[in-house]
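Below is one structure. I have some questions about it.
Letters A, B, C and D mark the chains in the order given here, with residues in each chain numbered from 1 onward.
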Amino acid sequence: MKKKVKIATIGGGSSYTPELMEGFIKRYDELPIKEIWLVDVEEGKDKQEIVGKMAQRMWDATPYDVKIHTTLDRKLALKDADFVTTQFRVGQLNARIKDERIPFSYGFLGQETNGAGGMFKAFRTIPVILDIVEDMKALCPKAWLINFANPSGMVTEAIIRYGKWDKVVGLCNVPVMAKMGESETLGVPKEDLIYKFAGVNHFHWHKVANKDGEDITLDLIDKLYEENSGLPKNIFDADFYKEQLIQMKMIPCGYHRYYYRAEEMLKHGLEEYATVGTRAQQVKQIEHELFELYKDPELDYKPKQLEERGGAYYSDAACETIASIYGNKNTEIVVSTKNDGAIPDLPADCVVEVTAYIGAQGARNVAFGELPTAEKGWLQVMKAMELLTIEAAVTGDYATALQAFTINPLIQSGDTAKQVMNELFIAHERYLPRFKAAIDELKTENIVIKDELVREMCAP
Amino acid sequence: MKKKVKIATIGGGSSYTPELMEGFIKRYDELPIKEIWLVDVEEGKDKQEIVGKMAQRMWDATPYDVKIHTTLDRKLALKDADFVTTQFRVGQLNARIKDERIPFSYGFLGQETNGAGGMFKAFRTIPVILDIVEDMKALCPKAWLINFANPSGMVTEAIIRYGKWDKVVGLCNVPVMAKMGESETLGVPKEDLIYKFAGVNHFHWHKVANKDGEDITLDLIDKLYEENSGLPKNIFDADFYKEQLIQMKMIPCGYHRYYYRAEEMLKHGLEEYATVGTRAQQVKQIEHELFELYKDPELDYKPKQLEERGGAYYSDAACETIASIYGNKNTEIVVSTKNDGAIPDLPADCVVEVTAYIGAQGARNVAFGELPTAEKGWLQVMKAMELLTIEAAVTGDYATALQAFTINPLIQSGDTAKQVMNELFIAHERYLPRFKAAIDELKTENIVIKDELVREMCAP
Amino acid sequence: MKKKVKIATIGGGSSYTPELMEGFIKRYDELPIKEIWLVDVEEGKDKQEIVGKMAQRMWDATPYDVKIHTTLDRKLALKDADFVTTQFRVGQLNARIKDERIPFSYGFLGQETNGAGGMFKAFRTIPVILDIVEDMKALCPKAWLINFANPSGMVTEAIIRYGKWDKVVGLCNVPVMAKMGESETLGVPKEDLIYKFAGVNHFHWHKVANKDGEDITLDLIDKLYEENSGLPKNIFDADFYKEQLIQMKMIPCGYHRYYYRAEEMLKHGLEEYATVGTRAQQVKQIEHELFELYKDPELDYKPKQLEERGGAYYSDAACETIASIYGNKNTEIVVSTKNDGAIPDLPADCVVEVTAYIGAQGARNVAFGELPTAEKGWLQVMKAMELLTIEAAVTGDYATALQAFTINPLIQSGDTAKQVMNELFIAHERYLPRFKAAIDELKTENIVIKDELVREMCAP
Amino acid sequence: MKKKVKIATIGGGSSYTPELMEGFIKRYDELPIKEIWLVDVEEGKDKQEIVGKMAQRMWDATPYDVKIHTTLDRKLALKDADFVTTQFRVGQLNARIKDERIPFSYGFLGQETNGAGGMFKAFRTIPVILDIVEDMKALCPKAWLINFANPSGMVTEAIIRYGKWDKVVGLCNVPVMAKMGESETLGVPKEDLIYKFAGVNHFHWHKVANKDGEDITLDLIDKLYEENSGLPKNIFDADFYKEQLIQMKMIPCGYHRYYYRAEEMLKHGLEEYATVGTRAQQVKQIEHELFELYKDPELDYKPKQLEERGGAYYSDAACETIASIYGNKNTEIVVSTKNDGAIPDLPADCVVEVTAYIGAQGARNVAFGELPTAEKGWLQVMKAMELLTIEAAVTGDYATALQAFTINPLIQSGDTAKQVMNELFIAHERYLPRFKAAIDELKTENIVIKDELVREMCAP
């Protein structure tokens, strides 16, 4: 019989932790966990303590004997771990506030995954994940890394390409939510729908068939224009152009609104920026409320409010992935993984997000076949943006970052874009050690951050 | 509830039919069949009558109400069929005898799937399968075509490329047998092994992992050199060079012996040719005995002797494929299917043989990733040979056939190869209507068939 | 000895015709022309008469006996032609005015080659060029088609891909001007510089080496930031970011400003729109003045003012191409041509703009090798935009046009983009017969053209 | 003005040296040489002395002041060289005798370039050329390496792939001879034919057009079957099958006879082996006679007998290449060079043999476009064989060598092939230091070399 499992969760102080616990509890029979180590940095210590206690309460309310450890010592947590999950956020939510507000202050989208904000999130996160991988090589060389640190696709690609670590699966809840929503839209149980996804993280398309194997994507498109489409809570709901969807005979993911309805998404973002604050600010408020709840010594289950946080079904994806690897279950999950030809329009060695069967060897990607002309072009330019962003994150090269900014479809090139990039460098200096030389040079130019709130956050 | 299933089996008079019945009977609960139509040509009428009665007896011995029809009218059989299976042999076993004996008479391998013999089998079979596909478009446009007509990969590619029919899965029992044999060799249940296959029909490699996901291919190689490897009965058992297998970190299929041990395989074939007769002659004898058994009005189960025929586990592959499509079971099966990137070293639109999950949409190929240098080169040259053979079969062009012969690694180019090709054209004239012009021209050259037996078979 | 040459020039009434004549006159010794047929449509008749007489005067001032014919009958002009050149503009300059003003009226770039304007130019031009190709198949099947009709790359691709006509070379004067300008910048004769270009029309990069073969691209970049760069007169001169050029180690073409400095290019265009009028309006004025000059019965040489028109060096490219094909000269010219692998990052069968040696077989492309990450991504997305635009032009499919608009990096997707596209369809209705169904449907929506000038031009 | 040129010729004692001198003398005006350094190993010292004196006499008979140096110190020769040419043969002709005789003694082709012999030539040569490249990095980092050491394509690929040295052009006289012969066959001056070659060294095809650009390949095929085809003296002249050439619409190179007429080529080789000795033995005799001539102190020009040696036109290719680089002449030459997409069916980073324009930056490859199915397959398998051979040469790995042997179309796999390979390892031990471990293990098996002559040559 297999030995019991040790989980290490990096970014243990995340508000998502209770959802993760719920997922593990639900699957205890097939995934017999012995201990879960939550690890965070100094800044996350208090939150980790709160959520760690809450997590222990959740387990204590079950018949299972699982011990939650909280620590700031990553090496301790990683030692002999079987699975390492990552949900950390370098610089916490304040960093995301900067990611979003600086672009908005110039009328640009801050978009925290594939936009300017997401690129800086990659710059901050990738060096940290590469350090984690080095620790894993030493401390738990047989462990699997289950990444949900965003931007999940780029982080996963960095782990494989630069970290030379293949035992990784990158996750995202967007595909899960699409499936849930569409099942409801169609009035057909999820199990009776056949899905095939292809793309990169937050930028993929899918086809749907019924259980007789008949493609019903066009029917679904029809239905979607009658009803609301299973869109994540954190994306404003501008409609896709129906004729465009019919032309591609596929369903784009929610984030495609930033590309297919750029004007409206920008307008909406700027309105929020001017009124209720950016998404990060809203999340910060939600998180504050969540932690207030978590402090309640009676609370021993995942509170409903967590769902509003936008990460619903993370547990489904993450815990199911771990259980599938552990038990070689071959569950079908959409993951970020080495392409291996699944999307023949992209190099075999890059990371894509596709339907895969998850088992003891990780992801077995379903070959999607060639994409239509438009989607092929979109995917190729997005992969170029990702590769340049990752390369800049690793090398700390300013010009490579500028090339990545310039090719990013969400960013209008020119002096404003450069100013936005420069302010982001200045604002995130602390978390960008690899860009030290570039930032030092920028600092000689006396760049003033335009957004007042961020300027204050960056004040010495 | 889904309607009950109609199966049409082309080449119904095959000795394999009882095995197919057994497979269907075993799966009746998940695949509720109503009627099975066996269809054959005039030459197979008697055998079809015998085997049809035997098939009916097999069903009558079960609690299920399934009716076996036998007919010579293909259109009748295809009308409204749900699944069409093909196990026909254009020209019957006599054609295979010619395929094998003509090459051997000049010291060449006749090899009935990828060698000179297999190429002529493709020339005979492809025009017939394309006719069947045209009938299906008219009579059962929603049906699935489950092909085991050999050469299974080339026939499947012709169906997709020239027939423009995508609802097809090509089958072969070689991968099943490898899995069975290796499970025994390793002393590990088949369910606890993880397989990944890539290649083309009768020319593929695979990797094996244990249920913890650890690649154990090298361990298996070690074990294989202690024991006998799960090789189909119809292939002489020359050992692969162990160092070669270690270099590729994969297990070749049994047919690879023709490529990795060409000298010994040829020698063995020539010995059989000179003594017991070629494989086809042996099969003819076995078949004769099988039909004697089938005539027994008491026999209502698959006789053991059928296993010696070499097709063991066909039913497992074929019936399981049909049941998986019908019930959207996502069973893992190795099939011939459109590449779609699963092997990035070959074009996305060609047919490959890979591990796939079979469901209501047919095969969902597992992306294998890039092959090592040697295997990539082998695969590319074999695919070129296949494409040229298929093109020649469709166009009837002599020079294209010559190009296919020349590039075939099992054939030494030159005047003898050309003579072998020419004799095969003459000997198979009746079944090669598309090559009529070329054969007419050859006939002006007074080509004399060297092998006495074949010469007699071809006598007017 | 080869027979004397017949040239047919479609769009004969173009103001460029005298420059073409000058180019032919200069090369008469190597390209012995007998007759030049200018052909235009009814709307261009007057201009063609003027420029035709002027062209005859130019030849009459030489020792050569060359006859200029002017006609409105294309078939007459094409009959037995040796070379066909195209410089026509479907809808004349008024169409370009619409192409530019409609987008600008909504704050979008009209950009007449790769932007919204250029896409509609493609929609208008491609069906006409495909008709010309059909005429050529019947009337001059051995002729070469030398295309300068813009967008030159897309038109050339349509000729090859949909017209199935391979004897075509697409031309553009941008590379010529880059070479001229850089030669001056470096103070090195053009002959002593070694160039390698790769990209698509109006979207390419190049490398430069000195005559010892040493790459001096980085030196040139340094020099360019001291001086003015060889930019076509019709592009506003915003500087590229130097660090970006150093990163790519290549020189972008002038049109790359629209992509690397989108903000400034848009601002400049909007300023012109609000003051002096768009480029097309300026050109219309220049053309008016040119034709006044051409009317002068004494004028028998190309007037200097033609250079301001922006097409300088067209003759160098066009006449040199024709002379090189005629005389198998293997001259090095940058042309739009079937890729054939020259840019391995794009499919072998699409059209690219690369350095080529031009001889009797047309272009022999110089293989450029793989592009760096950023430029590869840009090129792939631009090729997707081109292919979608061409497909829409051929099929008249509205949704394909929308997909092309959406992927175009110069267009921000959303309702405004759709409005711009719709207005362009309405405004160009007369020249878009293939889009009839789509435009008829749009007309039911009572779309009102915002730009006053265009609205008046479209009034019945 | 450019400084005068220093040439270093490695393998200076080669009988080809006088031809090289003739080539340089003919081009002195455009390639002003100051000094030529011949360098050889101890075993070639005497021959180098003879040929060095002869070379000096050749120059002394001209008005040019060029000094020939002979040395055994490679570093001295390389120091500040402008061009390095390689014509060395590791192990001298005796090694080639072994390469040929060992395979023939088992009824296999020894074929000294792409067959078993050629693979061992690669094993011996590649480590030496990589050492030379290391010396060049230190002593003449701006020099160009002009390689004619065979197998020229594999050696060139090793230089680029493993030596990381891009300033290299690989040469072969086969394409030159094809052009000469076909010009004669057609009765058309070479200058009036347009050629396009694609393939790898000793394995390429070409198309021909007349000066009007019309493809005349099919006409040429017709003519070739009336006359003798421009085949190098060292290849037995078996006819290609005409229908095969018509199918491919290309002309194969002479060495393709080994692939398209394997039977006859083998038969011919075995006859020579049994009677006059292999090609190497014949060459040894010719060389002996040549050196007798070279000793004549009156001889100051290339003797006619050198042409029989098989290397005719080497000078044309080599000296013309050097002059073209030096003078940036853009001469069209067929060379081994990094693909860069010229053959899109092979990876962009591997070495191919294609038509190129040679200038100061080396080769500018002409993009050939996709090959037909058969030729594509052949090329891919040959490139796999080359890559495996090169990898084995660099790593000294026995199993990789076995994989290369197995995939080589000229070698029938099996025990005899393995015996041939093993004997070659034993026979060449002295020149295969990287295979030391493998050879040491083989030596424990007491392998006895079958061919008597070779056995004697290997006796201690």
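Definition applied: a residue touches a chain if its C-beta (ideal position, glycine included) is under 8 Å from a C-beta of that chain, and two chains touch if they have at least 3 such contacts.
Nothing here was measured: the structure is a model prediction, and the numbers come from that model.
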| item | value |
| --- | --- |
| Chain groups still in contact once chain C is set aside, others held in place | one piece |
| Averaged-CA centre spacing for the pair chain C and chain B, given as whole angstrom | 55 |
| Whole-Å gap between the CA centroids of chain B and chain D | 44 |
| Residues of chain C engaged with two or more neighbouring chains | none |
| Graph class of chain-chain contacts, one of line, ring, star, complete, other | ring |
| Set of all touching chain pairs, with the criterion as stated earlier | A-B, A-C, B-D, C-D |
| Touch list for chain B against partner chain A, complex | 2, 194, 196, 209-213, 325, 328, 330, 332, 338-344, 348-349, 355, 357, 359-362, 364-370 |
| Chain A contact footprint on chain C (complex, rising order) | 241, 243-244, 246-248, 259-265, 373-374, 376-378, 380-381, 383-385, 387-388, 391, 397-400, 402-404, 406-407, 409, 412-418 |
